[in-house]
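What follows is a pair of complexes built around chain A, which joins chain B in one and chain C in the other.
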Partner chain A sequence: MTTFDQPRPLRQSMSWLHTWSGLLLGWLLFAIFVTGTLSYFRNEITFWMQPELHRAQAVPPEQIAFVRALALLEREAPGAQQWTLTLPNPRNPTLGLGWQAAMGGERQAAPGAARERPGRSEARGERGASAPDSAAERRPFPADASRERPGRGEARGEDGARRESPWRGSGEGGAFAPDSAERRSFPADAARERPGRGEARGAGNASAPQETRPQGSGAGAQAQRQGRGGGGGGGGRGARIVLDPVSGDRLEGRATAGGNFLYRFHFELYGMDRIWGRWIVGIATVFMFVALVSGVIVHRRIFKDFFTFRSGKGKRSWLDAHNASSVLSLPFHLIITFSGLVLFGHMMIPTAVQSAYQGDNEAYYGAMRAPMASAVSQASGERAPLITGLAALIAEAENTWGDGKRVGSVVITHPGDRNAVIELRQMNFPGLTGGRNIPSLRFSGVTGEPLGASAPREQSIVQAVGSVLNLLHRGFFATPAPRWLLFLSGVGGALMIASGLVMWTIARARKTSEAARTHWGHRLVEVLNIAAIAGLMAAIAIHFWANRLIPAGLSARADWEIHAFFIAWAVMLVHAALRRSKAAWVEQLACAGVLFALLPLLNAASGGLALPGSIARGTGLLVGFDLCALVSGAGLLFAAYKVHRHVPRVRLASSPSRGEEPDPDPGPETEPGMPLPETMEKAA
Partner chain B sequence: MNILSLVLCFWGFAAISASMERHAKDIFAAVGSLRVRRLRLLAGYVLLALALPPAIAVHGLSIGIAVWFGFLAMASTALALVLNWRPVILRWALF
Partner chain C sequence: MKTQARLIASPSVRHRINVGVRTGLAAFGGYGLALLGAAAFAAGLPFDFRPDAVSLAIMLAFVLQLVAIIWVFAAATVTRAVLGLAVPAALFGLWLLLLRQ
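== the complex of A and B ==
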């Protein structure tokens, strides 16, 4: 290896750059890619992790027990300013209820609490501990909690408190309101994207203007605004109550880290200040981008070798696999990496905020989260019964929209007042270019007469570009097809990184095998490869197992699910360091494979809806989870088998694989198939 | 419509691959004339373009384009695997 500062041709220097930018943070990038890819199904994962909810069945609006749901809301949140009902949908068959408290005198008291809670603590370990007591103090005033809460943070806190797990809480949005929740939480998520402290500040920000206002109707308007923009529109903030949509019975899901842990890990890691986590991920993203661009330059025959994949040719095959998984999904890799950078943009390059907002982050976030321009109604103070025929309104709205558009959530403002307004929001984003506008229709809550559609919010070009990238990155899409495509592309990206990492060791295998002992650097990369690739898969499987094996009633159980993940990962690292590399690959891949393959059985045995049942009842998301687990398990076991059978032809890398290619079907967990230094066909 | 778009993508890429010497040899056991290969290339691009409208029809313009890119990635990956595994089976779909 040459030193980096000697003069050399462009391609060579790019090659150097590609190798090292890819390797240095490659292990982290692999974990980011895998957890991020799984995040496309985080609602489904969270749902799977709450077997108590599995038997709910998505039904069309006319079969939903709205009367019971409204009665329950009336009982639980009589004075609320806003109720939100998240309707069953393909990504979550339950009916979610949430509310936002009416404004009250306590408002002033709460900000402090809201502020200390926010994002920060949530991202950390102690959240679990801190949440409950704040819950206690907040419970009596559900109202002030939601009022003060500006962004999601507060909401999360509260939910988390209730379940003693902030993760769970923060999962709420996702968990309870699949698409619509994601979408709804979008504006608030902007807030979330901001560095840790931001969350807290956001809180302060949102509540500050409010406090300075008179508490009359003006404040009401403010609160309303805040609820929609900052609070993530109610629905996203998360239901506090989950109902079986048909019977209207309450369902108590266990506290779980859910898919949300994986989601948050992929952009802010865990166990450190979230701002640090985001910086680390942000820097890794820059490395990724550098590796992508330099990789394109390095690739000599990008078009000639476009479809080329030759199995059974050792190093050559690894290179082919690396090239194919990179080039064929290059648009995805570029977009996902670049949009990831844009999401971190205001953190990593704060210049814009400094110049345009004089460094006032609050103003910036406020502008980014500006609520939809929707007419704000004010309570009249006069009581009037709320109509209960929501199904009829929903049918009317869906008729008006036509084109198969569905209502995703129902937001009722000032329930019980003469000025009550029922807003029906669409389940899905109409497209990528509409920004944060979710079409909705408004009706009088007393007479049911239509009040018109919500006015779309104007957005600047910058906002529009930003939101397109954001939507693409997160896959807020209506239908399963785009989501699966993103997921599979993500799998391809993970394969790309994994094959690149493995290639590093293969390319250097000869040199080291000549030496009597393996160079420590080589050995280090090998060990890290095993632990980061096969070990991560096993750790994710353990995370799912922990979800079912940790008693449902245990306090802080959600945190233990996360601890189980990291403990398992650490064990894998130690194991990889202690074993010979081939044995370590085989054992870890086999371990992960068995754990994944048995997940459907575990699901059936621990109270979940078993595969035959979920197929029979058409609960697609459970079927999908179980099948993905089976496919992943099979892929991992196959990979383990191939490594096990492999006999190196020469001393260096010999025959490669065909199973390692970015196979379109396998779950993300299949990537370990890749890493086997040598494998497959020939060798076997 | 999703399936149609995906199939068109695959078919288009198959035709493009058949316009390349190496793959043409794998598929047809003969390189073929330059003219035929150019024709395949053209047909391939046309097929890829034809895959776009169905995607847009299902998903709307913006998401449709994104989905089309996704299909392109999936189809080309699948093709690369087929070319390595049994290139001959592509024969019936090409000229």
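== the complex of A and C ==
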């Protein structure tokens, strides 16, 4: 094994590794980064996609029409085990009602129900984890509703098994991001398991302090009735009833794929078994991890180069852009990649549980649940009217907490029973390592007397690390500033990947006159670059346009929003393959730019609250969406303009000879003065 | 084309075999080592609360996989790359064996 085994210099090897681990799945990684970054604002996106809700105005608790809301719950969900009222918050100004049915959920339980139990408790935790986020979290994703058919038992079961996340043990409950929605879609299991399954029941209740049952049981059923699950996300018309908080009038938002489509796409893709999707994303994440670390190793002068930007110098400029976008948010890239892997941990590294528990998964989940177990009030069976003065209780709780802390949600267990309990949960997330410890106060639902506060749970150091990773990945923060920081870092990551991909072609470009004879591999990369970068942007814009152009009453319209996205993306791919690359870049970037820039107008024209109105009313999330659309549109148009104006420098002589060096990519640090090819330039 | 001509040349073929071997090692060796390491850590790390060991084992497994992949490509020769995977794998195997007894 010696003839082929010549020692190679470290940096050359790392450069090769960086180039190819980055390129091979780079297009997928770009899509994951973009959709994942948008997911930080998926509540806002979903809200924007339901113009019917735009005029709701967040009001303080004393102005909320609780009496009407409770009457509505009594009518819609009598005998439910639990009702949840999500109060208006900065990320959703509506009042959300949800409930968990008592026994015999109407929904069809998927096979593998038994295995769902751990998932359920997780769902609960997650919801608890962040009140502001909870609104979207608890709505079933449309795809779930339609995918979960008995025929898919296998996948489902497996899902159930994989669903367990390390975070769960960490008291972090819901940390397994990916699952939030689907966990929720199994309420019926909960109901079914109950009879004759005391054990399961206990487990289900394990996290008593914050017990919220997966909602949307009735909801799920309702969702099914609406065709495709009522459109998840804000769309969760199925999962929840949405009220105008002041009038108590029911708001009928259109069914929409919402921000949840982008969210779910970023970790399980679409149109395939979700286990497959997750494995593909998981493997791509490993590539990302390797590309990041090998990139750092290659990059000797990492800090010096960070302050260097040489514009208009072809590959050099691309390299500088790549370096700057990478280094600027390197900690973010590392954390987001690693935490993404850990979120897939139980799926990708099954040997950990197998080895620690000799293959007995149940023992593992039992052990994880144990510390969370605590008593849950049982229904007495005696009827007693529920008090309706929620506003007074909320005022009391907010006084008790002080410090400007607000109630985020009201959870009523056993409504109408003498043992009814009203639990008020804090809106703001308690802190980075607080795990699932959302402070809450409990009151008797009949007399209103206080029953005490939730007991804070201790976290071990491992659990705390898990919590931090999870929080950072998912952006569970009370205030918008850190979420914006994560969002911008995500944009930086997308630019890093895009510039890296473009650099690959630029580094290999032949003389322009030889363009016709470009190597097929280079042409393939170029076409994929155009479709994956510019084309994806256009497809996302089309997704938003479809949201407004598809009639609100059309059945399966949420599906069509998604189809529009993929059809647009496919068209972009064909377009990129047919056009010369420069023209394709310009056209697709311009197309995406125009579509994004016009979104605020479309919003105003199709029933949404227009930008001046949303500014005047202080509906920050709509202002944010419209402004982001404008900025993205402007940025894309600027990029299109730069590419259009770019005149390729004619290359000097022929391509530099690199002797026998097998690696055509000299790595980020080429010899200065080397003639660099330049076919196109696009503002990143 | 020049690139193609270079690829056919014999140093390039050697290079391709080399890279192919390393890629296979990285993909399967890296993942295998991660699985093995996770098994050993999850069972062997001294935690009172076993799920903590499982969580930590999973995190360490991904780091292990990363280091293994980097190593496979960083090692000067394929022989060293193989050894770099085989030695820790043997140690983890031994640890697991001891834990089982």
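The rule is short, and it goes like this: the second predicted complex is superposed on the first by the 475 of 684 C-alpha atoms of A that agree within 3 Å, B and C clash if a C-alpha of one lies under 4 Å from a C-alpha of the other, contacts with A are read in each partner's own complex, and residues count from 1 in each chain.
Please note the rule applied: a residue touches a chain if its C-beta (ideal position, glycine included) is under 8 Å from a C-beta of that chain, and two chains touch if they have at least 3 such contacts.
Quantities reported herein were computed from a predicted structural model and do not represent experimental measurements.
Considering which of chain B and chain C touches more of chain A, the answer is C.
Shared-chain residue A:E587: touches no atom of chain B or chain C. Judged by the touch definition given at the top, the superposed model places A:D244 against neither chain B nor chain C. Of the two partner chains placed by the overlay, only chain C lies in contact with A:W16; chain B stays clear of it.
In the superposition on chain A, A:I349 contacts chain C only, with no contact to chain B.
Of the two partner chains, chain C is the only one that A:H519 touches; chain B does not reach it.
In the superposition on chain A, A:E423 makes contact with neither chain B nor chain C.
Shared contact residues of chain A, touching chain B in one structure and chain C in the other: 662, 664. The residues of chain A lying in touch with chain B in their complex are 304, 306-311, 324-325, 328-329, 331-332, 430-433, 468, 472, 477-479, 481-482, 485-486, 488-489, 492, 658, 661-664. Every residue of chain A that touches chain C in the complex is listed here, in rising order: 1, 3-8, 10, 13-14, 16-17, 166-167, 169-170, 286, 289-290, 293-294, 297, 338, 341-342, 345-346, 349-357, 364, 367-368, 371, 460, 462-463, 465-466, 517, 519, 655, 660, 662, 664. Per the touch definition, chain B reaches chain A in the complex via residues 2, 13, 17, 20, 22-23, 58-63, 66-67, 69-74, 76-81, 83-85.
Put simply, chain C touches chain A in their complex at residues 1-4, 6, 9, 11-15, 17-19, 21, 34-36, 38-43, 47, 49-59, 61-62, 65-66, 69-70, 73-74, 76-79, 96.
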